[in-house]
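Same chain, two partners: chain A is paired with chain B first, then with chain C.
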Partner chain A sequence: MIQQGQEEPAAIPTVNIDGANVPFTEGETLYEICSRQKKDVPTLCYDPRLDPFGGCRLCVVELEGARNPVASCTTRATAGMKVRTKTEAIENHRRTLLELVVSENRQVEVDELAGYASQELKILVERYDANRGRFQGKQSGQSRDDDDNPFILRDYDQCISCYRCVRVCAEQEGDHAISVMNRGFDTRITTEFNGLLRDSDCTFCGQCVQTCPTGALADKKALKHVDVPGKIEKTRSVCPYCGVGCSVDLLSKGDKLVGVLPAMDGPANEGALCVKGQFAFGFVQHDDRLKTPMVRDEDGKLHATSWDNALDRAAEGLRAVVERHGREALYAIASGRAPHEAAYTMQKMMRAGWGLNHIDNCSRA
Partner chain B sequence: MSNPLADMDKPDVFFCIGTNMTECHPVAATRIKKGVAAGAKLIVVDPRQIELAKRADLHLPIRVGSDTALLLAMTHVIARDDLVDQSFTAERTTGLEEFIEHVRDFSPEWAAGICEVPAEDIEAAARIYGQAERGAIYYTLGITEHICGVDNVKSLCNLALMTGHIGREGTGINPMRGQNNIQGAGDCGAIPNNYPGFQPVDDPAHQEKFERLWGTRVDLERGMTKVTALERCGESVFGMVINGENTLLSDPDRAHCQHALESLDHLIVIDLFLTETAKLAHVVLPATAWAETDGVCTNTERRVQRLRAAVPAQGEAMPDWWIITQIAKRLGFEGFDYESAEDVFNELCQVSPLYNGLDWDRIDNSEYHWPVPDKDHPGTPRLHEDGFVNGRGIFSCTTYRDPAETINDEYPLWLTTGRRLQSYHTHTQTGRAGGMEYFLPGESLEIHPDDVTRLGLTDGEACRMSSPRGTVDIIVKATTKSPPGTVFTSFSFEDTPVNALTGSGYDPTTHTAELKVCPVRVEPIAAG
Partner chain C sequence: MPSPTDAEIFTRWANTEAPLLPILHAFHDRDGFLGEKAIHAISEALRTPIADLYGTVTFYHHFAQQAPGQSAPRVCTGPICKLKGADALLDAMRGEGATPMACSGRCDDPVPVLKGHQTLVACDGQMTPWYSPIPIPNPGGLEECVFASIREPDRGTHDGYRRTGGYLGLEKALATDPAAVRQTISDSGLAGRGGAGFPTGRKWDAVAEDPRGPKTIVCNADEGEPGCFKDRTLMDLDPHAVIEGMAIAAHATGATRGFIYLRYEYPETAQILERALKEARATGLLGGQTGFDLWVRRGGGAYICGEETSLLNSLEGKHPFPRNRPPFPVTHGYENLPTVVNNVETLASVPPILSNGADWYRQLGTGEHAGTKVISLSGDVLRPGNYEVPLGLPLSKLLHEWAGGVPEGRAIQAVTMAGLSGGFLAREGLDVTLDEPSIRAQGSFLGAGGIMVLDDSRDMVAVAHSAMEFFAHESCGKCFPCRIGTARLTERLGSGGPASFESWREEVDDIGSTMKATSACGLGMAAPLITESLARWFPDQVETHLNSTTS
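Up next is the complex of A and B:
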């Protein structure tokens, strides 16, 4: 045990960011500290969930004593560092880098439905006015129009080789389905044997789509709704599939459900989803949905009817069973898929209504 | 789960048994994959070569239904090799000495003969888990869907209690719940033995409490389970309400289920689709779906979360709670004057001690794990940290017994059933999601290539699979994912209703069906 007062408490280490001394914790990078300080340091290859990479070099900052600007995302803070985040030289440097990125890309504008991070390049290009055609020349990337999977668009003409897809697949998912081949202008994001995603270790969780900053990897299903009129609304909810309870943001335009985004701050999933949560929302507005109540008529068939009639028939039928066989002839099965309010009212109807504990749910099968 | 999902980066040993997590709980599985990549050890117990097994330090492909034998032998090794956590067991458990005496006979060699895995591997599993700093158990229906499901869970508790791997960060006994709100259905009292908040119905104090709250007296006797109710349809059960369950496809012994539901005088089904079950109903009521409904659900780590509507209902569909309260009102029942899901949830919070500290607004940020006994309580991400609810942890002297049916000359293969990544339960949702058919156009029967040859089957062609209860024709898929002698398929597809075959037996306590074990015969379909 350390006796109190035996040692002087160690001074909390700080770095100086644009003139202000900022405390930091061991292992923090300059980029993380700048983000905490709400410094608008641009980046394209950064995803807070992934290991530092230092690919795009946009997050460079001036570090006193260093000959060249350093990438803030890969530089760990040490006590006493002096950093400047937004000098004219740094901003010019960033603009030139962005102009080079843009010159390789076929388009900068992509629809928001492409994915969670899909607007990052566009926003930076606008901020730095970097689409002025100063560099013209070779383009990189090669789209895989032949990949006929229904979920993930592989429009590599838009790829800027930030490797976020490769890294998220390896580091977050542990699947290593996406890899890189060649170098320079010939760099290709690919899969094993350069085949279709379906033939790789890809599980179609959509994480690569959501981290892509340019829409090179994009949500094909959501993009089908580009022409649906209206603004995209986001509604926070929870995935309807397994018991993990991943938080999602539902995307809707008017009355139409158009897509799903993983919630980066979802406590159960921290930005992750699986193929079901990401892409299997289409059942909600499927034509097979029951649109009206139905009752079985004397012809033995189910026929559409009004709520009033159906509810009357539902209640009358239960009452008739009780009259003929007693209340104990009733039973109710609640759903493990419907919300609490369904299960609570169902058990209350059985208990408070008939005094019966004849209630169960689907957990035994 | 005793521990939160966030704890999954903390164990140094993962013990995963009867859980195909990469397909059934994929996002939780990413946490295990990351833990393993960071150096944690992974033990996987599963008859099949599932994805987790490929990543395991040790995989025990035990014969289906032999879990209790394996777990008994592991506790034997832990006792024999002095791996018992003496201070934990002394402070927090009872019955250790008797238990150690009980497991003395259950050696790894004994279990090896039942489980069909080498005794050395059983020893290794026991030592790795027993020597862990933080060992965490994860399981799913591979543990519970057996006639000995309760014994399997108790055996897992024995393991955790002996080694002190409970009540601390990165440890615990963690069942992965299968459906989005299956935990919530129990929380809300939609079970025959408990009021909301798991308050036993056979305790007169609870009977009195709810009589005071609701103004009516509820039976003191526990209700029957769904399994019993289905058995009694047409005999003593004549009216049923089913909400959002495709019983006909999901439950064991389909012929029996169909007969049961058809023999009812009155069946009300509340659902999104005209499912196979809804087609048998007298009244079908359309419910609003996820994304159309405001409400609450509880996930596998007991986290209480809000669901929010984003789009309007299809057609005239209405929320489940509204439909049920409308029926209740028509029957003249009092206390169903809710105007919103919020009203219903807030009433639940008042009557459930686990939710007393919660209300609709407080769960807006998904931050609470129950129990939350009062408004000043921060919630309980980790259970059993300060003690067990009933005092001390009790060891259970479990014993092994064979599955309800075992293989024989007529039915010489083990069938075990499960789920696929791209399909969910009876496929009513994923089958209509658009796109899943690209990955999973239909079901197939996974059979080891040696069995395919031995049985004269052809990979990619249909075979006929039979049990004493039924027959299903299904495409053969030759794969070493299945061990020789064991075949696998899911119950998701209407055209291969594998639950026509299952239903050999039920756990005597929980009435959970033995869906993981069913002896079958597989044969070529005769030409012509």
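Up next is the complex of A and C:
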């Protein structure tokens, strides 16, 4: 029997979520705990990679003892908290918030090729059956049609000022190319002196596009393929451009590559890519791309040929070099645009075939 | 004096505490606006990303980005100035490039025009400089705290202040253990006079007990609430009281540095404070051996910077969005270190409390209400101005006996509370006493103590519209309910929104209740009190308005 005054063993701290006691670790936010519990608390300004911001207020929950609902994304759990995530009052506030957000935008439907998170607003509006005709009034944001950069569409007519783009640019990319200008309803996402992205510090990494929950920032390269028929399929791959090994999900319709998404669970990149991995996939199906092997004949020009012939010619050339100069004279460079399998085969040939480690890749970064 | 070069400005400011605001002001003063060249230079000197700096500059409405910029006159079109013909004055001055500005905290004066570093008023067809008037003594001869000596000649100078009992509180405090000083403040019942009403002693305890440092005392002098002009009067007429209060707070909490964050619209006050600070340093009250020094930092024009965490971001040179709380400034304030943020009036109350004792202060209030509160009274009353009232004084007594009531032939229709943030009180709602429990029972709050009086000739929907326009203009844009809600409510008080009263009421109530419940800071929580109280007290005027806009 435990005597009075004797210390009990330290209990694991818990919070009570909708009636169930849930253990948590120091520093966890209510939103993180709710997500673990599959509570499906809605949000538009949250990105798990970024510091909690507390802007959209959709993730508010009732906290016993607090005068007002609290934003679960910015509230750190303390032992004994009692939280209710889905009361009628909370759900009504969420619906009103969504109706307010929708009222400032021209359009809720956007093609999913716009970006990774582009359907978030649409999905929530449908889930809450938010009335799009309510709270009519002036609309916010202004599309930057003048920004003719080839990668990022800046359709601020759809912007809901969640600032995920600004925060991802600062916190993930460390670039600070975009920021917030003005105040209140006149708030705009901007660059230095409200100019074009190409005149700013933007590196066109595309992270702002992929975190945008409305398609206000969108992938121009992918959107070119909106009219390609067929369902979008995702194929997990690794970006070939350099040695970091960013995981990507290749988007295809039928046999056509239509876009690239960074993999949020990619161990090397956690949702980040650079301009090449994100946007430079056009070569795959480019008209100028070689479709057969080519060999240079005695006329000094390249001619299409069969694989057998091409491989024979290559083997011949390699042998000739080794005979004249020794195997140490060989050196092989794989193209960043070659498939991984080709790069692998090349190094295998050099290492296992010639006993050499003279290998490299054109985009060894 | 020749204008300073970029290098001279950076030499002067780059290595001081909280350098961004003074550097922005130095360029703004020199060039008249903050152009691309200036922003490039500042970005480089402070190693701040240029897009962030640009965005932050655009946040402040008084920082111009092109000529004529600072030299163009700004005419106050706040709620009271509107009643006094501000729109006509603005139109008359359009030729000089005049633009409107939100309430600039001079509702007891003629319509003010801000030009460069000067406040001017139209007087017999001439624009003449204007200074804070001395508060009218209360008719009953009731004892005061912060106004007790404010009418003494030369009170604003160090010598005059000393002669009338100034700096005795600091001397007493310095001879006392910091914990005992904090106990005195706790015992006095002094609570935040900026509107939130948090017990001052508890705030100081929290900062004192935090082992981290350096600690900071911030005086919140960003008096942006329309209808509030008490802090300006205190600083203009009694600047040493604020400095003394801060020095006592520093001793009580172990703080080594302080700031007075002053709103842009008070340029004369900045000069008065700088002069007083110079005197205080020269007489050994600040800096050097004292281990505490403080500096004035001027804002750039943004109501939200009166919200303490937004103020701290502004001081630190960050985008002035409010921070998420907790943690609170007492542990994570300026530079994420323990910080006291107190209002001007709160700090000015501290020296007399130290001199006269906690009990003396407590008994200045009525019944169980401790102490006094300065009320800024403006609008349709015979004697507008600042009045220091005992907490618990009946509102009607202030309006009629102290301020002379409404002009002859008129009746009071409504008053605003907490400036604009408390919405309207009318009819039986006017039977309150001036203390939070009484006013909160009517769904409003006393807040910073601005009360605007509206007689029965005023169009309440028009007043509500301009109030909501103000909140929409000042909403920072961080959280959805406030950013969109203030815009939608403004439209619904103007010509937009549903035409029938029932649908109007339903939309406005839904927006309002969500704003109150979910907004990230006080601005979004308070703004809907305007529509809520309008619909409660004046549904007939709303209906008339809806009929007139749809017919």
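Everything below uses one rule, namely that the second predicted complex is superposed on the first by the 281 of 365 C-alpha atoms of A that agree within 3 Å, B and C clash if a C-alpha of one lies under 4 Å from a C-alpha of the other, contacts with A are read in each partner's own complex, and residues count from 1 in each chain.
By our rule, a residue touches a chain if its C-beta (ideal position, glycine included) is under 8 Å from a C-beta of that chain, and two chains touch if they have at least 3 such contacts.
Just so you know, these numbers come straight off a predicted model, no measurement behind them.
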item: Touching partner for A:Q158 - first (chain B), second (chain C), both, neither; value: neither
item: Which of chain B and chain C A:S363 touches, first, second, both or neither; value: first
item: Partner chain in contact with A:C56 - chain B first, chain C second, else both or neither; value: second
item: First (chain B), second (chain C), both or neither touched by A:S247; value: first
item: First, second, both or neither for A:Q278, with chain B first and chain C second; value: neither
item: Touched chain A residues, chain B compared with chain C; value: B
item: Which superposed partner A:N68 touches (first chain B, second chain C, both, neither); value: second
item: Touched partner set for A:D288, first chain B, second chain C, both or neither; value: first
item: Chain A contact footprint on chain C (complex, rising order); value: 36, 39, 49-52, 54-56, 58-59, 61, 302, 304, 319, 324, 326, 472-488, 491, 496-497, 507, 510-511, 513-514, 516-520, 525
item: Of all residues in chain A, those that touch chain C in their complex; value: 44, 52-58, 60, 68-69, 71, 74, 76, 89, 92-93, 96-97, 100-101, 103-104, 134-138, 140, 160-161, 163, 170, 176-187, 190-194, 200-201
item: Residues of chain A that touch chain B when the two form their complex; value: 148-151, 171-175, 198, 203-205, 221, 233, 235-247, 250, 252, 255-257, 266-269, 272-277, 279-286, 288-296, 302, 307, 310-315, 317-322, 324-325, 328-353, 355-365
